[in-house]
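I've put the structures underneath this note.
What follows is a pair of complexes built around chain A, which joins chain B in one and chain C in the other.
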Partner chain A sequence: MAIDMQPESDRQPGREPGGREPDAPPPPARPWWRRPAVHTALAGAVIGYLLGHLLGNVIAGQYSQVVNSGQNDYAIVLGYVLGTLGWLAGLGVFSDLLRQMTGRPVHATEEARDASAGLARYFRYSLDHKVVGLQYLVGMIGFFLTGGLLAMAIRTELLSPSYHVFSSATYTAIVGEHGTMMMMMMSSLILGPLGNYLLPLMIGSKRMAFPRIEALSFWLTPAAYIVLLSGLMFGGFPFGWTGYAPLSVQATQGADAYAVAFGIMGISLILLGFNIIVTVICYRAPGMHWGRLPIFVWAMLTTSFLMVLAAPVLVGAMYMLITDRTVQTAFFTDDLGGSSYLWENLFWFFGHPEVYILALPGFGVVSEILPVFCRKPLFGYKVAAAGMVGVTLLSFFVWQHHLFDSGINPDMRPVFMLTTELISIPTGFIFLVAMGTFWKAKIRFTVPMLFALGFYFNFLIGGISGVYLSDVPADTTEHGTFFVMAHFHYTIMGGLIFAFMAGLYYWLPKMMGIRLNQTLGKIHFWTMFVFFNATFLPLFAVGMAGQPRRVYTYARSLETLNDWVSISSFLLGVSILIFVFNFVYSTVIARVHEEGNPWNSRGLEWQVSSPPPPGNFARVPVVLSGPYEYGVKDAPPVADLDPPLGVISNAYAAAAAEGAEV
Partner chain B sequence: MSLAARVTTLIVAVLAVVGGVIFVVAHYLLGGPPTVDFAAATSGQVNVTMQTDASSDPATVPDHPTWVSYFIKSPASGSWVHTTLFQVPAHTRVNVTILGYDGSTPVRNQVWGQVSGTTGGVADYGGKPVKTVNGWNGPYLIQHTFAIPSLNLSVPVEAGPATCTTGPCTNNQHSTTTFSFMTPAQPGAYRWQCFVPCGLSYLDGNGGPMQTFGYMTGNMQVVS
Partner chain C sequence: MPAADGTVADGAGRPEPNHGLRIFLLWLPVALVADLLIWFVWGPHLPPGAMSTSAATQQSAIKIMSVMAAPVMALVLVYGAYALVVWRHREGDDEDGPPIHGNTRVSVTWIGVTSVIVLSLAVFGTVELAGPAGAGAGEGNTPIWRPSGGTPLQVQVIGQQWRWTYRYPQFGGFETTSLMLPVGENVQFNITSLDVIHSFWAYQLGVKADANPDINNVAYTKPEHTGQVQVRCAELCGLWHADMTTVGQVVSLSAFNAWTATARTQLAALTKELPPYTLTYDPNAVAQLGKVFQKAGLSGAGGGFYGSQYPVQP
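Right after this comes the complex of A and B.
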């Protein structure tokens, strides 16, 4: 049922929980530097870190382990944890909670916060889902660019097998930072910005279910980013993004940064997923029943279940790793009674669903975009939703295919080979839906559509090579080579990033009221598509020839191919710069306003102005039909955005009186 | 907000973020130990002198003075440099002298007690050639190894008569291990490593100094 069903005008002004009386005078405005924002958060983080570090030195400074090793992991970990708490405290995350706990009025109601305008709100702990969505957007682009710069460093090193820009240790650390930045920090690439911004609009809600949790899920990500990057100050970590024990247990303090940052990001994922699940289930507008839910919302819902069920295992594993490194537990140390396999299983129990945490939102974005530019209903809507649910379920039963060559019980190999091959079936549903939608369609090749088509091309290669790798003999041959690397870059960069770009070009007019330059967008697409494939397709051959991952040198005979790949990757970087230029140019300098519905979409989010007004809808809409009825004769409008007063509450009251589920 | 204000805000934000990232990355990339240059070979040979110390003077090694560490003697200044990175010419004989200021740590696997890859297949302990050392019973005890796996070079380094904890040390209470080997014709970076797990208070002794440049692992850069 929809909780927020009462039309706005029916409400009587009242006292918000813990808030001021309606007629109470507003508190005096504080100067900007005393208002919680990024600058106070940074101050809180520094104070928290120093306090934690001091505490760690006081607690453990005299431990023989610390004295002998000269490495106080207690101080580092406590510094990171208290630094993160200080960061949040500086943002004012705990202010309202403390005020409510002590019976004092909060500084401002949610509505007052939402209504505050100006650039400054994007640097604050805003409870407006649209602000949080844009905060996520800028954050994710920043994380992506950082990871991309590290990728450029990797390809620079691999220009030659004998002349080295970096040492082998530095190269390994760069690879680890790149992988962790891309896999960990980018987990919320689509759900963070597009999900938080669009979900309430797409289901006819005025807000997310838990605005504070929503904001917290975002503000944890910059903390994780800073902690992760700070690992470089301690020499980095030598074990890639997978953090295999015992290497991660015995590594230097860069490993503390890895474990804490990943843990923080895991908490962020749990909060994000939990909030989306509750919002979808409880905050849908009247008439937005499950059969009318936009397919992108289905993708967000299934992804959120993955986040909520898989990320706790990750957080637990990181916690165990931290205790192994500090208080000398031995969860992952074989000769002390633990098991390094335990780490591998815990990590991949999260790690493989994580792949679908990245992929499913991409499926949702492109499936959402297809009908708009094909001007046809989405073919097999239920099949697409079922495919996403199927992928979600099966993704928890495939993780041991990452351990085929680790020495696991050989009897387990066929089981996980089968489950891995099975998951290609629901994944194939997404392609079937696309093929059916393309059939006899008059396709409009706009920039979002081009990126969506690029997604299908790339993900097909990534998916087929994945089926090949799921086969135990093939995996045994290619394990640890660039072939595997090429495979997952096709699924994640070729899939997720292309889908993200499609979504961004499609929804940015909605989110910012500004349309990205289409000519630059097309240049961006074609350069990115060509150089993405020029970069990663040859890596299948390089991998087949035996070049191992995470090693800074290789056989001389592979130098030409590697040079081709490196030069292509630099040009791929140029294509990303074209996007950055387009983004900055269009949103800051040129600013071509787009307030209507430029794509003639039937999506509910497009039925309100761009950007949407505070509260999204003047009244909670009544949804009348599905979002994909393009070309359907006599199709009713998507929703009644101005339902008569009392019609919703009366309908619910009548239904409740009859005992119906509402 | 005016165009000028938007652009100014953008520039400030970009500079702040880019500056922060560059600071971290530069700190990391430029923060490594220096490389000692032995590239000027005399009559086809270079002489490399190193020492091993149980711990170091905090004034010299502020990062991790408690870690076991190698030092390399600079041929230019004659001073001890806290590094494990050195550069030598290709296809050249390298005469290595290691002064041992650290105590004994028996090898866990006797394979590391064998000398391999050196000229003549031996190393000299105080002038006496040895091929295999029993690190548990003597007569020679082992403290560390100097090994370049890609060249099949592995030399157990004799333990010193006393333990010096204020490296770099200059007293005479040290062992002397000498050996020679040929650098390959192929230029490149050749990783070397101590294979006696000597990272005290790390899991299995393999953490900390064992995996950090400047201590028990490094690179031999071969140049043409």
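Right after this comes the complex of A and C.
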């Protein structure tokens, strides 16, 4: 309780998180180029990289294995790590910390906030959750487009089994960059932008729990992105996104980029999840008890638990890989006492929760949107929340289904088969909830709703194909083929990305006060839906017919199918460009303002103006009823946005007294 | 909690049709036709065919799962289509829908039915895995599910960047790049690697098992028809992963015996140079052999693509 009382008498501007005391003198203004922002961060990154590189050469320049292979992994790894630290230092991440440690008044980051209204604050280390949300949004779209461009390159090469646009090495590098870019960056696709922006609004809080951690989690993502892409300068890495050792130990420097980037992103995920967990638990407005929490918030909470519990394993594994590649620790080298199985276990112990990190936020977004456009309460709210919790728990007990043919623990395969099939029960709840909500509904086919419906269609196929993979005999044919590839694109591209689009069309009016063009939105939806399915449905057949994953060439008999898939995927790319056009056109050129509650939603976030005022709520609201009471006669309003003085402190006093009695 | 069975008349006085029954009647033929098609028309052609016992097991697993999945999928799709058509918003209707928060009976039924399906699938998968000796999947070093009957034919599969070689320990341990198997005999593959992880995938035989360095991974099958077998690598192993393909043969027992006899004598000189047959090989020792092979103009595992102490991508 003591963490954040948010006293309601706090009507005049008080001390904001990390801010100066109200009566402290304002910090002296500095010229813009001396204030920390992206340009100083870049300078810091370059200096850090050069320092690290130098250090690496000093330490390891003479080592024989360095000379033998003409490479120095020490220099590159240290360059990346110090470069990242320099990037953060240049942003001013450490300034407040140093000031506090040396007893000086804290103002560096606050200066950035005060003095940079307008666009400039989006390029600074901002502590405002609404700024961070939009930073994340633009970043994530950029990362997704980069990954998508690489996907187009993959499909270009696969147009022909015999004529090669790329060499085998380049092709493998592109597949690895695409897979890793998508898997590591898209983990925050929904929680980063929509989560950071909307969570406080949805639970009636003025802010996230840890504004500095929130900003740090975002500013690590561009660092991870640049480090990962820089791997291409060394020829990329030849082991896909899974990085199986000992291939990843023997590979050239591109592998350092993979390990460091994935590690940085792992840290970002831990920070993001940790902040969300604390915010949900401690920052709910009075009356926002667990039974009233919007279902999207349940999804964020469970995803965050997955992040903080799974990502540390990833960071540890990447660290081991780095030491294997540099100081020859041999964690993963069989003939030196290590084990290639160790990597497989560590990686998938992270990797399977990771796929639910990608799936759960999508469940949350579509379940949140459904009641609004069905004009009905969410069917089985408790079932939906329980399903998410069930998925979260079970997802830590299924990882060896990726290793059915590996020879690890073969006697345990029935157990992992069972746990994997069990997880489809709570996953199935989202369909129960959706079908129940449709019952006698008044379905409105708005753009967000279309994307949500597309999500259910795609995820149905993705989920059912997953059951095939959970069965060991069937998986023996399907493992390592394009069948798997089609399966996880159905759950991620067809699930996560569709849900993200649904959320974006739904919440952008809230976040920017601007509506995306609905006609373009419909065109975007239909092209994306049709060409997504045209691209990935045939790939189930391609895989079953025997085409392994990650191959630059394939059997001639599969050329027609592959051509069909490639052409569909280019059209899918065009559909994404329509989205980009719509996004830019609507937010920069047309700017159709949408201030109120365009969807007539009962969500708490819609009860304030769009975009919300600084601090979100003038007073801490008192939540009066659940968010899905559509059609309920005499349902009270969602919240009292201007509760009478004394209500909250009395409530807390009563609770405190109760606590004291027990 | 209002009943969700659709028998209640709505406020307008028009009797509400029985939606549940309608959806059921729409669903039933779709599910039936889909299942019949899967079982009789599609089933016999499903991959990976029925050339061996393990392939047949996999084919029947895929078939049975499809038969179970089709009605579930049909239910969701038929229900969804019905909902989108019947319960779409009509122009001028500004009312909200009925405030149904949930229905315990429906939820419990759903959870019960999905649990039964899922648990029976798990039992089914376990039976299919144990029955035909591991269903062609890699079973590690100490397989618990073995074929009954006498000693199976042993074939060692050695993966390396980027090709497959095979050793036949019961025939003097000769080593060759061609995979030859007799029809109607149990086969035991011992799969290992000399460098990184590969995955031995004999498509028509329905055999897939990872080749890990320093590890012996066992998989069983029993070819039941003669013919060609497409061998590929199913685990990314570096630059020429896509090219680790060969074609194996399943031939009659007499043809197989003739082949082993010839191969054994023809390869005798090479077999002498080979390290003695073991389940795994020390990559450092094997790499030396590459030079011997190259001098003799022979091919064998350990073609000397690189020194393995600090392996580097060529």
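We adopt the following convention: the second predicted complex is superposed on the first by the 627 of 662 C-alpha atoms of A that agree within 3 Å, B and C clash if a C-alpha of one lies under 4 Å from a C-alpha of the other, contacts with A are read in each partner's own complex, and residues count from 1 in each chain.
Note that in this section a contact is a pair of C-beta atoms (placed from the backbone, for glycine too) under 8 Å apart; a residue touches a chain by one contact, two chains touch by 3 or more.
This structure is a prediction, so every number in the text was calculated from the model and none was measured.
Asks: By the touch definition at the top of the document, which applies to A:553: first (chain B), second (chain C), both, or neither?
Replies: Touch partners of A:553: chain B and chain C.
Asks: Please indicate which partner A:236 is in contact with in the superposed arrangement: first for chain B, second for chain C, both, or neither.
Replies: A:236: touches chain B, not chain C.
Asks: Touch check for A:428: first (chain B), second (chain C), both, or neither?
Replies: second
Asks: Considering only the touch criterion stated at the top, classify A:169 as touching first (chain B), second (chain C), both, or neither.
Replies: In the superposition, A:169 touches chain B and chain C alike.
Asks: For A:589, select first, second, both or neither according to whether it touches chain B, chain C, the two together, or no partner.
Replies: first
Asks: So, does A:481 touch the first partner chain B, the second partner chain C, both, or neither?
Replies: second
Asks: Per the contact definition in the header, classify A:246: touching chain B only (first), chain C only (second), both, or neither.
Replies: Both: A:246 reaches chain B and chain C.
Asks: With both complexes overlaid on chain A, does A:119 touch chain B (first), chain C (second), both or neither?
Replies: first
Asks: With the two structures laid over each other on chain A, which partner does A:377 touch: chain B (first), chain C (second), both, or neither?
Replies: second
Asks: Decide which partner touches more residues of chain A, taking chain B and chain C as the two options.
Replies: C
Asks: Overlap of the chain B and chain C footprints on chain A, residue-wise?
Replies: 65, 68-69, 168-169, 238, 246, 249-252, 335, 553
Asks: Quick check: in the complex, which residue numbers of chain C touch chain A?
Replies: 4, 6, 19, 46-48, 54, 57-58, 61-62, 65, 69, 72-73, 76-77, 79-80, 83-84, 87-90, 93, 95-103, 106-107, 110-111, 114-115, 118-119, 121-122, 124-126, 128-129, 134-141, 143-144, 195-197, 199, 201, 203, 206-210, 212-215, 217-218, 230, 232-243, 282-284, 308, 310-313
Asks: Given the complex with chain B, which residues does chain A contribute to the contact?
Replies: 64-71, 118-119, 142, 146, 149, 161-164, 166-170, 173, 229-230, 232-233, 235-236, 238, 246, 249-252, 333, 335, 553, 584, 588-589
Asks: Within their complex, state which residues of chain A touch chain C.
Replies: The contact residues of chain A facing chain C are 65, 68-69, 168-169, 172, 238-240, 242, 244, 246-247, 249-252, 334-335, 340-341, 374-383, 404-411, 413-414, 417-418, 421-422, 424-425, 428-429, 431-432, 435-436, 438-445, 453, 456-457, 460-461, 464, 467-468, 470-477, 479-481, 544-546, 548-554, 629-633.
Asks: Within their complex, state which residues of chain B touch chain A.
Replies: Spelled out, the residues of chain B in touch with chain A are 1, 3, 6-7, 9-10, 17, 21, 24-25, 27-29, 32, 64-67, 85, 186-189, 191, 199-204, 206-208, 211-213, 217, 219.
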